[in-house]
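Multiple structures are listed underneath, in structure tokens.
Below, subunit A partners subunit B and then partners subunit C, in two separate complexes.
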Partner chain A sequence: MKTALRKGLSRPVAIGLQVGSVAAILLLWFAVTAGSPEERFLSPLTLPSPGEVLAQIKSLWFDAALTRSIGWSMTRILLGFGLAAVVGIPLGILAGCLRSVEAWLRPITIFLRNIPIAALIPLTLVWFGLGESQKVFFIFIACVGFVVFDTTAAVLEVDERYVQTAWTLGAKPQHVVWKVLIPLALPAIFNSLRLLFGLAFGYIVLAELIDAKFGLGYIIQIAQRRGPREHIYLVLFVITIIAFAIDRFLFWLQKKLFPYMFAEE
Partner chain B sequence: MSDGSPAKPASCPTEPTAPKNWEVKPEAVPTGAQGPVPPVVQFKNVSKEFRRGKDTFLALENVTFVVENLPDCGEFVCLLGPSGCGKSTLLRLIAGLEPHFPPSSGEVLVSGKSVVGPGADRAMVFQDYTSYPNRTVIKNVEFGLEIQGKPRAERRDIAMSWIDKVGLRGHENKYPHELSGGMKQRVAIARTLAVRPSIVLMDEPFGALDPETRYSMQELLIQLWKEMQSTVFFVTHSITEAAYLGDRVYLMNGPPGRLVEEIKLPRPEESPLEVESRADFREVVALLKSKIHSPKRTDN
Partner chain C sequence: MADDVRLKPMAWVLIIIVVLGLVALGLYQGRDYIFPTGQKGGEVSKEDLGGKVEAPDTTGVTTVKEYKFVPKEVLPPVKGAANYRALRDNTVVMGLNVWAGWAPIFYANGGTDPNPNSLFAKKYGFKVAIKIIDSPSASINAFAAGDVHVTAWTLDMIPLFYEQLKADSRALPRAFLQVDWSNGGDGLVVREAIKSVADLRGKKVALAQHSPSHYLLLNLLINSGLQPSDVDFKFTEDAFQAAAAFSADRSLAGCVSWAPDIYKLSEVRGNKLLVSTATANKLISDVMFARADFVRDNPKIVDGLVRGFFDAADELKNEANKKKAAALMGKAYGLPADEAVNMLGDAHTTNYAENRDFFMNQNNPTNFERYWETASTLYMKLGSIASTVRFDQVADFSFIKALENVEPYASSRDEYTVTFTPKGVSSIKAEATEILTNTQQIHFYPNSSELFYKNADGGLYDPNATKILEEVGRLVGQFGMARVVIEGYTDSSMKGFVPFDAVRDLSMSRANAVKEELVKRFKLQPNQFSVAGEGWNKELEPGNHALNRRVEIKVYPLEQQ
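Let's look at the complex of A and B:
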């Protein structure tokens, strides 16, 4: 029986479909924003036309200082996420090696992974006040539970046969940790960090909507209050493009660092 | 590497004087014959029971045997039996690996001392491929030497000589995913032997290989073993494999796993492929087969 279920596509067909979906959305956008402002299906206040959005690139770049805002947002993410990694990875490795540590950390990571992210904004404002540290710790608290949990899982998922092989070759516990568990868990840890980084990128905008002096979220907030509204759309595109580019870079790095994980058997 | 004729002392009984004279000599399982040198491995009434909730599973029941320490040569002991007869349990009790170790009752002695856990004196080759995927061939072979804290240059030399011996020269910088199943097991063998274990434990190491590769691996293994003077415990459910490799075959049955009989075999000079055409070898295989499928076995 011939079926398309789970069948792979040729590259041109796949690219064609991807271009097609973008084109369809653009077409719809053009259609509902066509004509003079009075005759449109949607008013320009609700949704500006693609042309109007593009026309604001210059003001976004110069007046809203896009690059400086990107720099601020990136710094906050890197600090908050870096702190989460520095704290979370060792804790996760420890929990993956010692089940007692894992049991002890479990309620904490369950709590951290399940708190509503938006509720962290007022909480971090109470704890850290206005300013940079609030934003960095917001990202840290939002990510650290996931980092610990995923790192623990990565260590626990290392196949027992590799550990047993090490035992029969005379390994001591420290050898099993440093020469088997950590190196073999590293690809999974890296992969989870890459995915979490994408998440952190989304969170930072949330933190910057409230009391920020620069940042991508700040541009969105100002554009919503004072205009031009077109900046909101542009910033969303910018965020998507940056997030995608970073993800692809990290994926490329992952392939360079762990080539054996990507070999076709 | 020696020049093909490994020197073995005359006292070594594993070298049959007249290889044509194939004679199967069944022996009773010895019980605790203690010489001046402690036996390599001794099991004293060893049982292993697994519990899961209310269910209990008797993997090994009252197993007793002795493998004596022969001067200057190790024996090649094959553990032969159907699936679930406790072969691997027995092997892993020698290795000291959980969850099979420790035994529920009885005592496992290696060189006269009670086994307390795993160690490099009893290195093991597993059926599953256990080459570390993040390490190249040479780094895999160096693993045990790294643990021993050997300096880098010495590690490299030892590893390279074993890579040569198992026929992997030219592949030393490849990663395991670039190797075939047979080559991965060559890496595992080289890595195991590089730590110079006095006992080599092998848990169906060729079980996942195709017959052709299996033959060449058996030949390679015998060739390496003759140089090593280690005692080998080799788990298999292939009768011809046990008949070809073993100086001694422990026939097992189960569950519950029991040691049924111990059979001494002469060592053939031929390759594993050639020996299969010999009538007396086929007789040995037939004999082993009849013993394994004896009516005493209770299937349920």
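Let's look at the complex of A and C:
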């Protein structure tokens, strides 16, 4: 088996394994939920059958307004995360360039990166009221610490020899920042933003706990309170699909923007 | 060859415009399918809450009339083998949230842990483990999974739970005990500018959705003639957040929350408590329910829970025992002892007689059936649930009925009814402003004050009279600690032809007819009512005679006694 260690797979084999894994899970799901409600291995209240889940697609689409909810959730995530990027990236770059700023910001980022996010719900409610701003700022606060930290790290990781080369070529400090540090740190910054966006997406359920009229998190919350529970499973699939699609899009964009990072593959 | 055929740039532009136009048109035409707006709350009409009256009942009722059916024969059957977690060491798992009303349960059990010295263990031979689960959805998830055998929530929430549990007949709720009435534990706090419920039109109110707060506000709105859509509901996760939002956000005109928050908020300048369950003292009630498979397999335990609850409730009349119960609850909820003692007053524990009246008396305006139907109808109209079931699919009063000849339960008496002293309309109005006004168009035959006036063909002159009485009966029943003023109005069709005194007398006797019928039908106290004849005063809409011929039912807070 030594040969299999870290060895690449051919595409058909990889796809076959992926399909197999999904099929195995579906098969197991069918098996434990087959039969009349009271005779199943698992009660429909514990796990509805695949058929019962699929039967709720119509009500998810129409009654729960799936498309509108996706629109609202995406808007909230993009605004909150966008704000975190607009604030966090410049601060991070500044901190990466000036160690004094980094030291100043460090306690704040440590705090923001370690607080339990769910505890922010009542606080954002008191600070921002019940409207949209509460949801946007919730995501902003949840993400901004990570954006600053990762950006700082990306700038600090730029190899010192590029900076030294620039100095010997007679560069001024602003040249070092704009022509060396930022361009060289950008791919790493973009990569971390791509990963953090997935994080922001995960927070939408928490962000929409309070006074959301539409939203993916809101659908889950309502389904939990009064059903149908099948909506929860469906929304989880929807979130996974959207998050995956966005991640692939950003990855593609990354390849276009920084082709040299992927040249060797 | 084909290479020569080239489209000009202009042609491309045109094609693109046409294609985009078609796509946009398609999206627009299909917008209801591609971007549906979701379920919208429908209108709630007065008829919806008038009850499912089969035929106008003109005889009225003067005695207690109990249901004749046997719950076991009507309740949905339980199929298959039990699916709850097997009792370990004969211990029942009960899920409870943080609420004052559980005092008898804590007292009987001596705290949250299974206890061989508890009243349940010593008298009835089983133990109880209380799990504090504050979130309704978490609690009902545990109930659905069978990890919790018994739980208690407000009856208005059970139609919502039923919707979730109906997929498995073993997890259906069986309600077997009324634990308490909220007695000041829930309330609506508003800004000073809001004088009565009707002033909330177009305003923002914070509250927890699908909670007793929601039910309280919906009832107040409907009874005031407002639609749920007339008020901008701001839904929070729970009642504490609603209170926090109200103090943080000045744009909110009100919030529905719990004690002690409602009292703390109402002490802040510019705020006031508009109404609480101290006045609407039969509006929100907690009911204990178990999984259907658990009730089927453990009738002895359910019987023990019911008896043990009444035994403990009786012992709690003693102050020292009350302190003991408060200390046990304070420990479980993480509250200081004095706060726990204070919170005991938020709920009225219902004894055997009150339980029997609640579950079995058909003529009780605030019985299980009416409460269930009102909550189910409201939530269905709002689109919160897709279907409703009758109350007899949930209420299992067999355990209450079984005690009808068992002492000391059988000899208990209703202890939750105050005795009203008669009071004139003018002095009621001088002392307070009304909480709400319920306007009803009752069509009296000209010059008659007979509610069930029969036409020549034997049909009723106003076939809706029974429904209206039913609705007003529920309202008055819910406000068991409020004074009710009934004002009769006539139209002004005879203005200038007859003296005002004549129409005033007519409107007075019409208001009286409504009062008499309510008293007779629902066994209400005559002294809770004060009547006035207003004649053609205060027309709702000048000239609209049908609209102006009406009675207005006004609810006033009861003076401090």
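Odds and ends about this structure:
Keep in mind that, in the parts below, the second predicted complex is superposed on the first by the 260 of 265 C-alpha atoms of A that agree within 3 Å, B and C clash if a C-alpha of one lies under 4 Å from a C-alpha of the other, contacts with A are read in each partner's own complex, and residues count from 1 in each chain.
Everything that follows uses one rule, which is that contacts are C-beta pairs under 8 Å (C-beta built on N, C-alpha and C of every residue); 3 or more make two chains touch, one makes a residue touch a chain.
Quantities reported herein were computed from a predicted structural model and do not represent experimental measurements.
Once the complexes are laid over each other on subunit A, subunit B and subunit C both fit without any clash. Using the contact criterion defined above for the overlaid structures, shared-chain residue A:Trp61 touches subunit C, although it does not reach subunit B. Once the two structures are overlaid on chain A, subunit A sits at the apex of an angle of 160° toward subunit B and subunit C, using CA centres and rounding to a multiple of 10. Once the two complexes are laid over each other on the shared chain, residue contacts for A:Ile232 go to neither subunit B nor subunit C.
In the superposition on chain A, contact of A:Val147 is made with neither subunit B nor subunit C. Put subunit B and subunit C next to each other and count what each touches on subunit A; the higher total goes to C. Of the two partner chains placed by the overlay, neither subunit B nor subunit C lies in contact with A:Val155. In the overlay built on the shared chain, the residue A:Phe258 is in contact with subunit B alone; subunit C does not reach it. In the superposed model, A:Leu216 makes contact with neither subunit B nor subunit C. Closest approach of subunit B to subunit C, taken over C-alpha atoms in the A-based superposition, is 32 Å. Comparing which residues of subunit A touch subunit B with which touch subunit C, the overlap is empty.
Those residues of subunit A lying in contact with subunit B across their complex are 161-162, 164-172, 175, 179-180, 183-184, 186, 258-261, 263, 265.
In the complex of the two chains, the subunit B residues touching subunit A come out as 95-97, 117-120, 122-124, 126, 128, 130, 132-134, 143-144, 146-148, 175-178, 188, 191-192, 195, 201.
Of all the residues in subunit A, the ones that touch subunit C in their complex are 36-39, 43-46, 48, 52, 61-65, 67-69, 71, 121-122, 125-127, 129-130, 209-211, 214, 224-229.
For subunit C in complex with subunit A, the touching residues are 34-39, 79-81, 83, 136-137, 141, 144-146, 160-161, 163-165, 167-171, 204, 206, 209-210, 234-237, 241, 244-245, 248-249, 251-252, 383-385.
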